[in-house]
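What follows is a set of structures to go through.
You will see two complexes here that share subunit A, one where it goes with subunit B and one where it goes with subunit C.
Let's turn to the complex of A and B:
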């Protein structure tokens, strides 16, 4: 389909918006289940005697688990599209089926991992299972919907030569990778070790000593996602949205020309410079972590 | 844990290879019988033939999951997903090579593919052991097993979507529409997830095998859904049978969880510990 400039910019904006939502929800979904980076400490805690009420969603890394749900969503959607369903219905049903399957994987990993920690007396809390799993499914559904919708737009409107499952898989892996690298940072150190000073690093003695009590009552995964929704999730969303926007913007305006490639390289250079400035600025403002006196004594 | 009776690697290997190849070959042989018997029975046999491929693949999933378990027990925490992916990577290369190289002798395809996979797996295992020096005693054997099971999974589920394992047919019905990606990715999850989800000091083989059956059955259900697009009625049977098998294995898995877990509680405070 040939589009004029206004229409292609509109589609680019729509894709950017969908990617932003997908990225945000992807990160939050991984935080509900303590997947990826924070998972190791959640897994380790019972071994150190710190039993907890946090969901342990070990469905491999984020790129793989999100690739899984996105590719299932894309496949189901393309099966329904071939059966002449309306695109929106097909995408919604595809996203829903994929989210349910991810939910099933989530229940097995929580139950399986807790059952494998019998010697540490970690109980399997069924209420955690019951209200955390629907939250995982809900977050994942929105992510799948956005990613399969982007794939549909690329395939049907922009005329990409790849199939919908293929595009969905690539988007799922990208969303997972970006969520893992951008959003995860905001849960591990800040939430699991919030009783330590920020930036103190994690020495071996602290391994597994995660925060298990909330402002009132015991902390669970829903408290964690509430915390991550303030910054980690939105930051991930912006990261994925900007990635989609800046990677397609030059070719949308200038077509597939050398000029567009030049602009693309320019964008990369500008971002490298900006990142470097940010890094130097942060180092100057906060400096290296200084160990407090009583902490040094405690170690000795 | 020596007091718990476990299935030996050899038992599972025989189960995986025989069950897997039997399922795959039935997708080819049943239609031959079906074509000879005219009428409704012949049609029914033709319709259920592709389902056998998916059932064979589930056997291979259980075998592969146990092979992943044996190699990953040596402390590969984050390496478990990588093992699943490499299994499918080796599997898909060997499967396509094996099915394509035999040309007219279609029937030899799966065996050539499994043999190729074993060689690739052996070489990769040898490299991991002797060049990277990972020092895992079971590395070579397990990589060979993982590669072979990966190939059977790929061919089995592809045959369930394409109807048989003829190369041209698979290219048309599994590759061109992107279904191969779901076979690849969900198949990889099916063999890596059981150990990944049961990771821990009190991991037990029985629970893991039930979970492997459950993840394999989920894959079968999705593959069946995709097969509705390519084959119609056969796809519906594959999907429904996949869901039924999933229910059975999932229930068995939960029975084991209730058995093995320290305690299963509706809700409650954290038990007091020394820490």
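Let's turn to the complex of A and C:
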């Protein structure tokens, strides 16, 4: 389909918005289900004698389980589209089927993981499973919907050479990689260890000593997702949204030319400069931790 | 000039692109699980996850560039496809690292510090003073960010090159679905070459300035070249099954 510039930009903006929601929900799903790297601490806690009420799924590496979810959604949607379903209906049904399958994986992995910790006396809380699993499914459903919708737009409207399931798989893996790199740091570095001293990294000696008390009562995964939704989730969403937007924006405006590639590189340079500003800001705010030894003074 | 058989050239190009991907993984600063808890420098995820995640975005941009040649049916030049792959991959990794830095700076509250060098080779800033007790550094200092971007460019270009070569092989046989086969095969080669360095670097590396980089890159690159060569042979073999 040949689109004029205004329409192309509108579609790109829609894809960016969908990706932002997908990224945010992907991270929040991994927080409420406790997946990826921070889950190593949830797994470790009972071994250190800290029993907890946090969900513990970690079906596989986050990008892979997320890619699996998205590709199931894409495949079901693709089959329904070929049966001449209305696109929105097909995408919704596809996303729902994928979310239910993830829910099945979540319950079995939670039960399996906790069962393997019997010797550490970690109980399997049925109320946690009942309350948290629907939340995992709901978060995953929205993410699947957004990613399959992006794939649909790319395949049907923009004419990408890959099919909907394959595009959904790639975006699922990318969303998982971003969620694992960005939002999980907020969950693992901050929420799990709010008992550490502010303004420094986590001392290795604190490994496994996760916070188990909530603002009221004992902390569970719903409390964690409430906290991560304030920063980690949106930051992940921004990262995926920027990725989808800026990876297509130069070619949408400047065509398939070297100028577009140059603009893409310029965007990356801007990110490097912004990161440098963040680095200066963080160093001024929290460090240094040690005094700089002045060698000439020491000699004197 | 010695003429190279086109099939041999295709296999060699796939081997080179696999090697590019393997090299790329060494540049990307991944700290694994410790980095997710602000206990180590780099991005808080695994090498395979991040390298594949960024490389696959590069694959999408490269494939779209391939599909939009100067005229219908005529693909753009190979360099153009490689550049598009590199651009997509760099944009993904740069935005991921930037958002990650936002979380490190304002979510976890840590200054960025590398454990492997005393001074950042780019900014010249002291690193050891900002490393908090009981950690191996945290956050993404400028050198890690730049190293990651270079790695993403190499990975994206490698992915774009495999896709370009495979499209050249498969298009004459299965014009309609060549992109699907080439895309899936590229993804496979990507994963193979993202896994090989994981063994070499032991799951974590800070980037080009990490002493581990110089220690393992030689062995990993040679391994990757030969493994990718086998992938190239398989890619050509499966094309034989497409001849009706």
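As a working rule, the second predicted complex is superposed on the first by the 280 of 300 C-alpha atoms of A that agree within 3 Å, B and C clash if a C-alpha of one lies under 4 Å from a C-alpha of the other, contacts with A are read in each partner's own complex, and residues count from 1 in each chain.
What we mean here is this: a residue touches a chain if its C-beta (ideal position, glycine included) is under 8 Å from a C-beta of that chain, and two chains touch if they have at least 3 such contacts.
Bear in mind the structure is a predicted one, so any value in this text is a computation, not a measurement.
Judged by the touch definition given at the top, the superposed model places A:205 against subunit C, while subunit B stays out of reach.
When the two structures are aligned on the shared chain, A:238 is found in touch with subunit C, with no touch to subunit B.
Once chain A of one complex is fitted onto chain A of the other, the partner contacts of A:72 are limited to subunit B, with no touch recorded for subunit C. Shared-chain residue A:125: touches subunit B; no touch with subunit C. Once the two complexes are overlaid on the shared chain, A:275 sits against subunit C while remaining clear of subunit B. Of the two partner chains, neither subunit B nor subunit C is touched by A:8.
Shared-chain residue A:252: touches no atom of subunit B or subunit C.
Contacts of A:163 after superposition on the shared chain: both subunit B and subunit C are touched.
In the superposition on chain A, the chain among subunit B and subunit C reaching more residues of subunit A is C. Comparing the two complexes, residues 40, 61, 64, 162-163, 166 of subunit A contact subunit B in one case and subunit C in the other. Residue ranges of subunit A in contact with subunit C, taken from their complex: 36-38, 40-41, 61-64, 154, 158-163, 166-167, 170, 173-174, 176-178, 180-186, 188-190, 192-193, 198-207, 231-232, 235-236, 238-239, 242-243, 246-248, 250-251, 256, 258, 261, 264-265, 267-268, 271-272, 274-276, 278-279, 281-283, 285-290, 292. Every residue of subunit B that touches subunit A in the complex is listed here, in rising order: 77-78, 80-81, 84-85, 176-179, 181-182, 185-186, 188-189, 192-194, 196-204, 207, 211, 214-215, 218, 222, 225-226, 228-229, 250, 253-254, 256-257, 260-271, 273-275.
Taken in their complex, subunit A has these residues touching subunit B: 40, 43, 47-53, 58-61, 64-65, 67-68, 71-72, 74-76, 78-79, 82-83, 97, 101, 104-105, 108-109, 111-127, 162-166, 169, 209, 212, 218. Taken in their complex, subunit C has these residues touching subunit A: 32-33, 35-39, 43-46, 48-50, 52-54, 56-57, 59-61, 63-69, 76, 80, 83-84, 87-88, 90-92, 94-113, 123, 125-126, 128-135, 137-142, 145-146, 149, 179-180, 183-184, 187.
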